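Should a chain be cited, it is by its letter among A, B, C and D, assigned in written order, with residues numbered from 1 in that chain.
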Amino acid sequence: MGILEVKNVNKRFGGLKALSEVNLSIAENSVHAIIGPNGAGKSTLLNVLVGKLIPDTGSVLFDGQSVLGRTPYEINQMGISRVFQTPEIFGDLSVMENMMIACFAKRDGAFTMQAIGSMMKERDIVEKAEQMLDSMNLADKRGMHSASMSRGDKRRLEIAMCLAQEPRLLLLDEPTAGMARADTNNTIDLLKKIKQDRDITIAIIEHDMHVVFSLAERITVLAQGTPLVEDTPENIKGHPKVREAYLGETQVAA
Amino acid sequence: MDAIILQILNGLDKGSAYALIALGLTLIFGTLGVVNFAHGALFMIGAFCAVTLSKLFNLSFETLDPTKKDFLGNPLKVKTPYVQEWFGPDVGAWLIDWSVPLAILFSIPIMVAIGFVMERGLIKHFYKRPHADQILVTFGLAIVLQEIIKSNFGANPVPTPAPEVFRGSFDFGVLLGFDPNVIIYPYWRMVYFAFAAVIIGGVFAFLQFTTFGMVVRAGMADRATVGLLGINIDKRFTIMFGLAAAVAGLAGVMYAPINSPNYHMGMDFLVLSFVVVVVGGMGSLPGAVAAGFLLGILESFASMNEVKSVIPGIDQIIIYLVAIVILLARPRGLMGRKGVMED
Amino acid sequence: MLGLNRKDTAILLVVAALAIFAPIILNLFPARSELAFFNAGYPDLMQRFVIFGIFAIGFNILFGLTGYLSFGHAAFLGVGSYAAVWMFKLLNYNVVPAILLSIVVAGLFSVVIGWISLRRSGIYFSILTLAFAEMSYRLAYSVLTPLTNGETGLQVYTDDPQVLMQAGGHIVPHLFGLEMRAREVIDVGPWQFVFPVGYYLCAILMLVSFYISIRIFRSPFGLMLRAIKSNQTRMTYTGLNPKPYTLAAFVISGMYAGLAGGLLASMDPLAGAERMQWTASGEVVIMTILGGAGTLIGPILGAGTIKYLENVFSKMNEGLLHKWFAFLPDWVESPVIWVVSKFTGEGWHLMLGGLFMLVIIALPGGLVEGGQRIMRLFGRKPKAETRTSTEPAE
Amino acid sequence: MTKTTLSRRGVLKSGAVAGAGLALPTIFTASSAAAFTNEPTGGTVTLGFNVPQSGPYADEGADELRAFELAVEHLNGEGGGGMMNTFSSKALKGNGIMGKKVQYVTGDTQTKSDAARASAKSMIEKDGAIMISGGSSSGVAVAVQGLCQEAGVIFMAGLTHSNDTTGKDKKANGFRHFFNAYMSAAALAPVLEKLYGTDRQAYHLTADYTWGWTQQESIQAATEAMGWKTVNNVLTPLAQTDFSSYIAPVINSGADVLVLNHYGGNMVNSLTNAVQFGLREKQVNGKNFEIVVPLYSELMAKGAGQNIKGIVGSQNWDWKLEDDGTKAFVKAFGEKYGFPPSQAAQTCYAQTLLYADAVERAGSFNPCAVGEALAGYEFDGLGNGPTLYRADDHQCFKDVLVVRGAENPQDEFHLVEIVEVTPVEQVTYDPEHPMFAGGNLGECNPGA
């Protein structure tokens, strides 16, 4: 039994069948990649997992509990954090403030009324936030306006915020999209380190095969809204169906 | 039945004014992404174009008539309009009588020019600013414009009648098989409705069938992409602003005979037209038109005695009530697009 | 001090000093001089400064922090006033129950309106709040006249129940016997300073409100509100529910508005329906943005500026202008007066409209930004207020 | 009145300065030496003119302000003296009021009770005004009157037509020269009977706020008393601009008279719409359809243009009256400003003179003394013929004009013509009349 169990999920948009009979199991503490060509239903699946979309039929269980019908923040509080394709951070706030918000969310839940509590009293939050920034090499940017950071830094901040919540499952939506090769490699190293340092399950949706094959322990290939194969990277690489459906000749060479 | 037909007529008529104003407002919003609180003022300026032309035609020279006395007991100064002197009494009188329709021609260049100046001089600098700033600066502009009108024309309404032939009313009921005098409707209001229909149709046709319109519509959908195509979208948007100003102005010109224009009529319509645009859905042209007519008709129904006796005061709040209900039922109004003005 | 860091304490102390010494600061000019026209140190205006200051401080908690632009906040001011006057009518003229009830009623009212309106965001939210406020205004003016006394405004009549009224009791609003309109007049040379009781009650409440608002700005709650403004998507995907936060902010600012309304009624026991009109809601938006939305002190500055200009410019008449410009030769004087008169007296709206435009165009951050620029000009690092740092002081 | 004795006088007080005879505002306070609020101690006295300068009534406000300026000029002995020459009381000498030069301050009521009170307070608290006058709506008049009562200054109401101003909301410190809705109705009824007969079906459109209701109530009572029937009374929102949906049903309702209980912009629009719908040309029940606008003003007639022709209504005063007072006033006003005064201007001018005269006769600025001098005072020569300031409710009783829109005006100043001057006896009512009941003048309040 995996930490995330997707069973018989179907989702239609009007006449278009975006997901059909999707079954997926992600094992705890694994790195699982979901790949597939454009329009394969990767984003729809992701949105189902985080509660943004509700499937027409099927079930999604996280740690044995259904996530269906829950709002994104409830699902997040269950232990699923999401990293977006373009980093979603609080651009108007400082890096430290971004970090603190994540720490508060972990400690206090979806809503607490601390209308006039003083931030100065929140020693533990401050410490934890600083620790996180340290570990992500962002400590020197703590006072910076986060919108003015480089894209790579924003990405690291976003991941740091997700990690501060100590999620059990981290969902990454094309984390290296639009990055230069050097940045991509840094991100790969970062993710490897994260995996090393803690007990966490990582699910990653990715285009870049280099990233996928550097990180993933298992790979699911989606095509036309339905899982084609699920296997280890080695087997996927050589799988004829996958070549046919998606990889093509060029990408594999890369 | 007759009462309902009558109120539908009233509603169409009111709705055409709302729709015209809302159309321009949503055009500016959709193309430029600017919330223009001065749009009501443009409507008001349009109405005052009609007033101005009528005053120009009435510019007079004075001759003393010793047989009559003025209020101080001095000989009365009799005024004769110059146009009557220059073109003869008949043509002169005709010009004065037809000053409102003639003001259509007079107002278009003025309104377009005002639109250009506004966009280039002020609005342009606010594309990137928060909507609250846009609201405030255009609100400030609206106050300035209306105060300028006030200091020139006074606060009192200025009567601006329709041409003689359009005064009086038409017996609709007879046409539909009712008794005479049951459903009568003023000629000028019918003219207004027809005029609004033409303008609305014209704007839609312009956007639908011209290349210019196509580019603008593409720009409304995705400004960045159109910019990448190397098309100078800014210039076109300026022209759109002029067009929207002209639409508001024309709505005002033709409205002048319905209610005597006064300097704060723009503010009276401003809030209402915003409600119309939002109910229709920000950035949706058909939505604005539909919402205009819908609210006009509902407002008319709400003012019926039969309705008022059931819910007292309903006519005071109907527009707002409908707006609330629609916005709760349809998050982006009748035809709004997702993600527009929601942050 | 009081759980504030040094900078915030300094701001609070400055505001407190301004409030305490306002009767002196605002009566800068000797009472009989020509310039006395520009004095503002009389009870009614001083009270308005701080009351509308409270209103704007509260509005800023909603708009400045969460970015939700309410166009119907005047409704809460209005119901606050009505609640207070009703307390005068039913109990007696003591302001304590009146003010408490006005806060409570406005709070309840804002829970209802906020709960509905906050289902939408952006301009849709603005229009919903506007619709509620306009409905309140129009009904108060007409159908609800038995409750609001309509056009005339709700006031206390001698035949009202006033069950707690004792024989010979106070017949004006008072705080346990201390009449709101009582005042101390002190003459210093040609200067005259008025120290009104009502003003000081308002000022104390304003300082309390301001202090609470600083605490909110600097609290985790305030941080969450700013997070809402910044990125709601990230917020929900960080496991936070924006809705109760926004609603809480809405209700808090509604209660501030209710307090302001209750104080208005306590200073002058008459509540008119116009208090709820959309223009009144627009006024607080303008005050906040003019002063500097999202800054601590901005709303107070904005409220004071608008109320002062409204008062001074609407009272300038041509007779006065003639007196002032009498030193000019006639051929200069007439055109000067002609121009100036367009902006004063009847034309004071023109001045106000022009001013909004000017400030918004030149100073996107409002008067606070103007102040910061001036500070910079004098070579000082603008350590003044910024919109962001809630960094905990170590 | 409770006196405020908050504490001892401040130690800083310099007796010499305070005693030096400065015209300082000494507001509401017992700690000053003054006997009443804003007692003028120097060589000048300050009056406060609170008129609408913004909003739809701004033009009316401007005309009121012109009248006030003229009155101040005359009081100070400048200009020709205007109606001071025809005024039956000769107490005014043209040397100011009790020898003190008259100064004035102005403010904007914005036709909102809140703003009007703020503006009046500023005049009383800051400028030391001893009397407040002006305004052009009843809501404002009642609000400011209440304020003046509390502050202890005299309020000389401007244009306010609601019964409440000197009825339910009357105050000892407040005085109204203008006529009211009851008087309009009483004056109109006989004329309407003469013009349109006793068998009429009336349809009322009424502005949905206090003034509209009192006027509608008054007109309905007066017309029903002479045999008319009231078919319907429809309340219209104050903010309404297009009245078509209210006018359209009138045609088919069986009514043959439309009564528009509207004022200002409301009236201009509703009348314009009614004429647009062709009501004036209709024949109903075998009679010509008629429209009545109970409260008229020159500015409204101007705004409605040709639509006003033949429409009957009532006015407090009109510049075309032939008495000496009117002539003197029109001459003074016309020569100064180039056009004849409105009824709003006349009432404001008369109120200013009446106040000044009362001060002279009382020999004191004390509001209580002034009030006493005004209450029950009979005078003439201010344009309205013999007039009584009734002591019971501080309402002036005088003739009321019934006017009609002129068919063929010789110029823009002749838009209305006088049909009849209804004598004062016909419009007088008992102070306890039900439409005015429920109020109480209370005690006069000198403030200090």
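Everything below uses one rule, namely that a contact is a pair of C-beta atoms (placed from the backbone, for glycine too) under 8 Å apart; a residue touches a chain by one contact, two chains touch by 3 or more.
Since we're looking at a predicted model, the values are computed, not measured.
J.: What are the chains that subunit A and subunit B both touch?
T.: Chains that touch both subunit A and subunit B, as defined above, are C.
J.: What's the farthest chain from subunit D if centres are computed as the mean of the Cα atoms?
T.: A
J.: Quick one: most central chain, C-alpha centroids?
T.: Smallest centre-to-centre distance to the global C-alpha mean: chain C.
J.: How big is the gap, in whole Å, between where the Cα atoms of subunit A centre and where those of subunit C centre?
T.: So the centroids are 46 Å from each other.
J.: With chain centres defined as C-alpha means, what is the inter-centre distance between subunit B and subunit D in Å?
T.: Computed value for the inter-centroid distance: 35 Å.
J.: Averaging only over C-alpha atoms, locate the centres of subunit C and subunit D and give their separation in whole Å.
T.: 33
J.: Where the centres are mean C-alpha positions, what is the separation of subunit A from subunit D, in Å?
T.: Here the centre of subunit D sits 74 Å away from the centre of subunit A.
J.: Please set out, as single numbers or ranges, the residues of subunit A touching at least two other chains.
T.: If we look for residues of subunit A contacting two or more partner chains, we find none.
J.: In subunit D, what residues contact two or more other chains?
T.: Touching at least two other chains: 58, 62, 208, 235, 237, 239.
J.: Return the residues of subunit C touching two or more other chains; collapse runs of consecutive numbers into ranges.
T.: 138, 142-143, 346, 349
J.: Taking the touch definition from the header, please name the shape of the chain graph: line, ring, star, complete or other.
T.: Its topology fits none of the listed shapes; call it other.
J.: Got a list of which chains touch which?
T.: Chain pairs that touch: A-C, B-C, B-D, C-D.
J.: What residues of subunit D sit close enough to touch subunit C in their complex?
T.: 2, 4, 6-7, 10, 12-14, 17-18, 22-29, 31-32, 53-54, 58, 61-62, 65, 69, 104-108, 112-115, 117-119, 121-122, 125-126, 137-139, 142-143, 146-147, 150, 164, 169, 208-211, 235, 237-239, 438, 440, 442
J.: Tell me, which parts of subunit C touch subunit B in their complex?
T.: 63, 67, 69, 116, 119-124, 127-128, 130-132, 134-135, 138-139, 142-143, 232, 278, 282, 285-286, 289-290, 293, 342, 346-347, 349-350, 352-357, 360-361, 364
J.: Write out the stretch or stretches of subunit C touching subunit D in their complex.
T.: Checking each residue of subunit C against subunit D gives 31-32, 39, 42-45, 48, 138, 141-143, 145, 149-153, 155, 158-159, 170-172, 178-179, 181-190, 192, 194, 197, 268, 270, 272, 274-275, 311, 314-315, 317, 319, 345-346, 348-349.
J.: Which subunit A residues qualify as touching subunit C in the complex?
T.: Those residues of subunit A that touch subunit C are 50, 71-73, 76-77, 81-82, 84, 88-94, 96-97, 100-102, 104-106, 108-120, 122, 125-126, 143, 145, 158, 161, 165.
J.: Going by the contact rule at the top, pick out the subunit C residues touching subunit A in the complex.
T.: Against subunit A, subunit C makes touches at 3, 5, 212, 215-216, 218-221, 223-224, 226-227, 229-231, 233-241, 244-245, 248, 252, 387-393.
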